[in-house]
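Residue numbering begins at 1 within each chain, and the chains themselves are lettered A, B, C, D, E and F in the order written.
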Amino acid sequence: MNKLLVEDIIKNGLKEDINYFDAATDLLIDEKSQSSAYLISKEMGILAGIEVFKQVFEILGGDVEFTQNFNDGDSLKQGDVILELFGNTRTILKGERLALNLLQRMSGIATLSREFADKVEGLNTRIVDTRKTTPNLRILEKYAVGVGGCFNHRYNLSDAMMIKDNHIQAVGSIKKAVELGKENIPHTMKIEVEVKNIEELNEAIEAKADIIMLDNMSIKEMKKSVEIAKGKAVIEASGGVDLNTVREIALTGVDVISVGALTHSYKALDISLLIK
Amino acid sequence: MNKLLVEDIIKNGLKEDINYFDAATDLLIDEKSQSSAYLISKEMGILAGIEVFKQVFEILGGDVEFTQNFNDGDSLKQGDVILELFGNTRTILKGERLALNLLQRMSGIATLSREFADKVEGLNTRIVDTRKTTPNLRILEKYAVGVGGCFNHRYNLSDAMMIKDNHIQAVGSIKKAVELGKENIPHTMKIEVEVKNIEELNEAIEAKADIIMLDNMSIKEMKKSVEIAKGKAVIEASGGVDLNTVREIALTGVDVISVGALTHSYKALDISLLIK
Amino acid sequence: MNKLLVEDIIKNGLKEDINYFDAATDLLIDEKSQSSAYLISKEMGILAGIEVFKQVFEILGGDVEFTQNFNDGDSLKQGDVILELFGNTRTILKGERLALNLLQRMSGIATLSREFADKVEGLNTRIVDTRKTTPNLRILEKYAVGVGGCFNHRYNLSDAMMIKDNHIQAVGSIKKAVELGKENIPHTMKIEVEVKNIEELNEAIEAKADIIMLDNMSIKEMKKSVEIAKGKAVIEASGGVDLNTVREIALTGVDVISVGALTHSYKALDISLLIK
Amino acid sequence: MNKLLVEDIIKNGLKEDINYFDAATDLLIDEKSQSSAYLISKEMGILAGIEVFKQVFEILGGDVEFTQNFNDGDSLKQGDVILELFGNTRTILKGERLALNLLQRMSGIATLSREFADKVEGLNTRIVDTRKTTPNLRILEKYAVGVGGCFNHRYNLSDAMMIKDNHIQAVGSIKKAVELGKENIPHTMKIEVEVKNIEELNEAIEAKADIIMLDNMSIKEMKKSVEIAKGKAVIEASGGVDLNTVREIALTGVDVISVGALTHSYKALDISLLIK
Amino acid sequence: MNKLLVEDIIKNGLKEDINYFDAATDLLIDEKSQSSAYLISKEMGILAGIEVFKQVFEILGGDVEFTQNFNDGDSLKQGDVILELFGNTRTILKGERLALNLLQRMSGIATLSREFADKVEGLNTRIVDTRKTTPNLRILEKYAVGVGGCFNHRYNLSDAMMIKDNHIQAVGSIKKAVELGKENIPHTMKIEVEVKNIEELNEAIEAKADIIMLDNMSIKEMKKSVEIAKGKAVIEASGGVDLNTVREIALTGVDVISVGALTHSYKALDISLLIK
Amino acid sequence: MNKLLVEDIIKNGLKEDINYFDAATDLLIDEKSQSSAYLISKEMGILAGIEVFKQVFEILGGDVEFTQNFNDGDSLKQGDVILELFGNTRTILKGERLALNLLQRMSGIATLSREFADKVEGLNTRIVDTRKTTPNLRILEKYAVGVGGCFNHRYNLSDAMMIKDNHIQAVGSIKKAVELGKENIPHTMKIEVEVKNIEELNEAIEAKADIIMLDNMSIKEMKKSVEIAKGKAVIEASGGVDLNTVREIALTGVDVISVGALTHSYKALDISLLIK
């Protein structure tokens, strides 16, 4: 992760949460007071974001030290002491909420990602995220997906060309759209085409799309698509994927399954900071 | 909501999502092309964030018009056409993802908030949010909580004084902490004290705290607390609240129940933009 | 004070004052030159902002050390050496003007605040500031008011609800306005109502406003208001307050007197930096 | 004035003052409500900043119209209606405080500047400001000085070279310092030298400084300096200038008198916004 | 191009160039004065950046109208009137320098790009840019390269994986590096490997790199590389390319030639704004 | 140079170049790996920007150390090792491109500036830059001009008053324009007038302009202008200056020659970073 982008998120977050002062802490805690604190997992899950967690306190003052017992990607069980903190009490109290808000969300995403990844264990299928991330926090969320054992789709509208319905309609055919793409985009960029049926699939293959997304197909259609397209393009399944359906979809032989829920419908992992 | 703060979120979001260009749209869609589109609810829920949704397209170019059928707070059922858009196709396609990412999250929060609010219908208890919001998006999330029929807790560390464990320890007693608070904070600011048992509750009442938060108490303790404190301070229950327990907690007579899940563990509401 | 907000003010201030280089210092002072300097009070007053003063030099380079003889809130007399600096001469010369501009203003506010505070000594009345602060510098000015022995009113439009004339007119009555407020604002937020006469005062009390502001009342009316409202709401006097009138107003028994002049019409305290 | 810089000040000011919402206005005023309002002078003075005042409301929403009766530089007497506003009530109420905070300060500076300017009427002496401006607001304050009939000194450390004590000491002599300056600075930039006595004055003249600042000289010394330097350099007097002493200083024949008080110790002009 | 990013560049540029006011224009030109102006090419070249040119005046005030005779990509000869402007004189004079600084640079890049593109006419080789762009202006420069008939390489370090010397050394072999890449990067991202000789080329092919960059190879080596790799990967030549050598390199059959000079050593195209 | 402004350029540059991660480096280089690297000149030229180069790595992490062999202004020949770096490999690889992009441009400008400066050696003429700088990078480019032995013209529109054609037309005469200027601008600011012929030159002298710019005059006219104006104003030649014509122009006796090409048409100096 680019630390400069994370720094902006943290600084905005601290201004949002503290505004001009921390009424209770600034009035009641001596500015030289020091404390120990423990970061404890209250439930099972996958840790993600521990560097971001620490960066919050560095930005707030740099007067807190850490003893780290777990790293991103580690499995946590209830009661695990992830990290011990020792340092300025005011810094710890002021950073606590933001640091947890980030860590819990990132770990929530990693935990859900791990569940999806486990569902396709042993298969040659990747679970990937989407652009359905929380606005302004994409860098953190996409990172957490990777920590959980899933993979990233394109990061933004400019690092891969995804040709959808409306684009195809606008230029007349998949063939024309892919051609126009190939003629114009950087040679370092891939083209993905969204298809709704076998006919479009065939067009996309013929057009030599790098990736073909099967949009909301039935299991049966997906199987047929895989038979036709395997090895000719990366095949991505999309639409209506959840923990119940993902393995069945993977078993059709698609290379990639994209899952919006990884970043739009996760639950924060329950992690607490206990200050002694 | 302060539109200037929302503008910052949207501009950051658009830079994050588009970066330097939209490969497919900028290459394949004529810059003067115009389209109609429909914003459709794919499931039941409460709408929140429709002004934010529209502001995305205004910031992108201002060349899209809206016909609005539903307002924030309205109940949506599957298939409802929330809004019709007509305007520049590129603007619509470039803003689509961010606008939906915001609207779906805000509506997800409103929908969950409505569920909580419904659980305490007929009772004199407010469900409120916490500071466990998504960093950088607090303004949107707290607004959505209100749209769903719940209420806001303090916005940040400087607009109310919340005295917790560590603060009390630092100064020696609840009494001392509240006194120091009253002597120093603005006369426009309230003091809330977190208590773990009846003894602390009594201290907080005696100290004339404006609000007393019962931290993770049992139903029985809460009932006792209400008996003691009712009318002397606003009584807030906190900890371990979910849709199953919230009514029972409310029935203890507490004035306020704070629920972190409202903003940290909601699911995005399924809303789609269909472009013709 | 939130150091991140102060950092923004200082960085903007340094860009404003230096722009691309310091013509005299960058051309004439060796970049390794070191100097001692003294921060000296040229008149009596109250010191405020010494941490902000030091932060200027930290942001400029961090190569200046300080020996501090006075702290915020201390009384200064003419000739007092507040602080000694030793370090990089360029850093000292480049930061001097901004550091003084901030310190002199903050100390000017603290000094004026102390004068007001002294006027009500022995009485149970607080002098508070208003939102009539210098735009972009509110955090510094409100802090300085506190250093001088006065208190802060609400910080901004969202951390307390102040119901004024126009709001009352819009909804029809004080009663209705307060009711709407109580139903909607966070339970952590107070409501203040501005009243112009006894009739409105009675309405506000009945509506259970937390704070009632007596707007430009005569001493006689204030006394009567205190008789009626004492103990039922915090009573705030506002309008036409100066050093000559403040004690008489305080003697009416009001709890709070708000004084715009604290932040809009102070004089900078005369403090100099002497470089050896 | 560069409107882009003013826009930044206004946007920061609005975020500072409103934060996430305006509790009273957003809850009690209908979003379509429209009002008339009057901007009224409560005391005599010089108007400055009326365009900035209007820009606040433009940035907030652009839904307010203005009928303007006075312009910057006009003399106001008590009761003058400077401007009439008509438009969205919420916009008017939310912008009121910031718009007034800026206008009152700018007009306060213009008023004080006019007093100084009047003191030297008929003489060939300019009163100028200094870099002792409010950090982040220099653009507004320097503009207001001009509106009041005084003039600006250099704007920042990079648009003129001011050689002071420490610079002279560092290079050994005034002669050497000016030489080094002339050899290195842009040919579009002037050099000013601060001198404490006649000896230094002569050195500065010999070195062909463009401007010579007489630092804290007595009236007698100033007269002598003028005799010596008149016509050879612009002569600037500085130090201990106030409304009582300024004319006597001007009568010595100096070309320029710099007055820090213009921007560090003015009083806000009393101007009110009355909303009907 | 993402207009929001361009807006940031323009706003920074205007603050840099104007700072607090335009001394000559603000003092000497009436604020209501209107003028006509002509944008004229003083030499042959390719136009690029005309929308950016216009955006400068929109951001400055929006009170200038344009009649456009040429579009991006058009060939200009000496004397061509590219655009006519009519509007506020102050706006035109204040925006002139920045608008030209941007347009001349972009057109300079497009002109040089066209020269390179022309050199490989009729061949199946693309000329592409590099990351050797002017910091903060990459979006404009990469766009201009495309306008001139060349193509873009990857935009930044995160939208394609370029494996260089040091990366290979760090993991031990090209094979290992590509494998690690394929296992971890998004399926939408391509891998490019830099090779110095035929041995490395063969490794890269075997590893199934998407793109292979021949780093500073001789024409002979390039030919051999093309024989080996054609059709197995996109082949990119890099190093020591100029207008004299580019065709010879293209004739080796490489698919892509990257040329740093396109963005690091172009000359601004001579374009003037004549104000009547 | 003001380091705070340079910091903004570097941070923007790093975000532009890295975006969310460095695909190759973050995946293939161990985060604790350390490397040595050499900064080597590949051609003759003048070094400029070495502090900026180093600041890039400081901002990225501060974990790189430097051994510096050359300073800004030094002549480089092919093969010179300018600087040795030792530190975190990831930091070195991520900062390399931006650091070089800045250093190569700045050194390119310094090198071209030195060529111009050498052309007028022995003469009393300064070569100066113009406002034709790369938008957002003026601070770096103007600094590099000075490193190369040329000088700076005014930095922006507000630090000197340049009266051009349109300004003169607007007020009626050079005399009137200069008068208006002198009456209004700071006493620390100079006035430059652009003249096209001897008649205008005489007017400008009479008006006591500080600087007179001879706009696109022939050598003969310039000589005549110098005869007339020498010693009465600084004489600046402008227009159509290149390395072939500059000495002849200087020999006319003008004081200053302004050359846009210094910053708009330089070539980046070829400097490489070799990582071991």
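Just so we're on the same page, a contact is a pair of C-beta atoms (placed from the backbone, for glycine too) under 8 Å apart; a residue touches a chain by one contact, two chains touch by 3 or more.
Computed from a prediction, not measured in an experiment: that's the story for all the values here.
Chemist: Which chains lie in contact with each of chain A and chain E?
Modeler: Both-contact set = B, F.
Chemist: Determine, using the mean of C-alpha atoms as each chain's centre, which chain is farthest from chain A.
Modeler: Centroid comparison gives D as the farthest chain from chain A.
Chemist: Which integer distance in Å separates the CA centroid of chain B from that of chain E?
Modeler: Roughly 44 Å, centre to centre.
Chemist: Roughly how far is chain E from chain F, going centre to centre by Cα mean, in whole Å?
Modeler: Comparing mean C-alpha positions, chain F is 22 Å from chain E.
Chemist: Return the residues of chain D touching two or more other chains; collapse runs of consecutive numbers into ranges.
Modeler: 18-21, 138, 155, 158-160, 184-185, 189
Chemist: What pairs of chains are touching here?
Modeler: A-B, A-C, A-E, A-F, B-C, B-D, B-E, C-D, C-F, D-E, D-F, E-F
Chemist: Looking at the complex, which residues from chain E come into contact with chain D?
Modeler: Chain E reaches chain D through residues 11, 14-15, 18-21, 59, 61.
Chemist: Touching residues of chain D toward chain C in the complex: what are they?
Modeler: Where chain D meets chain C, its residues are 9-10, 12-13, 16-25, 27-30, 33, 35, 89, 93-94, 97-98, 100-102, 104-105, 108, 131-138, 155-167, 170-171, 177, 180-181, 184-185, 189, 264-265, 267-268, 275.
Chemist: So in the complex, the part of chain A that touches chain F is made up of which residues?
Modeler: 1-5, 138-139, 142, 155
Chemist: Quick check: in the complex, which residue numbers of chain C touch chain B?
Modeler: Listed in rising order, the residues of chain C that touch chain B are 126, 128, 146, 151-155, 158-160, 184-190, 192, 211, 234, 236, 255-256.
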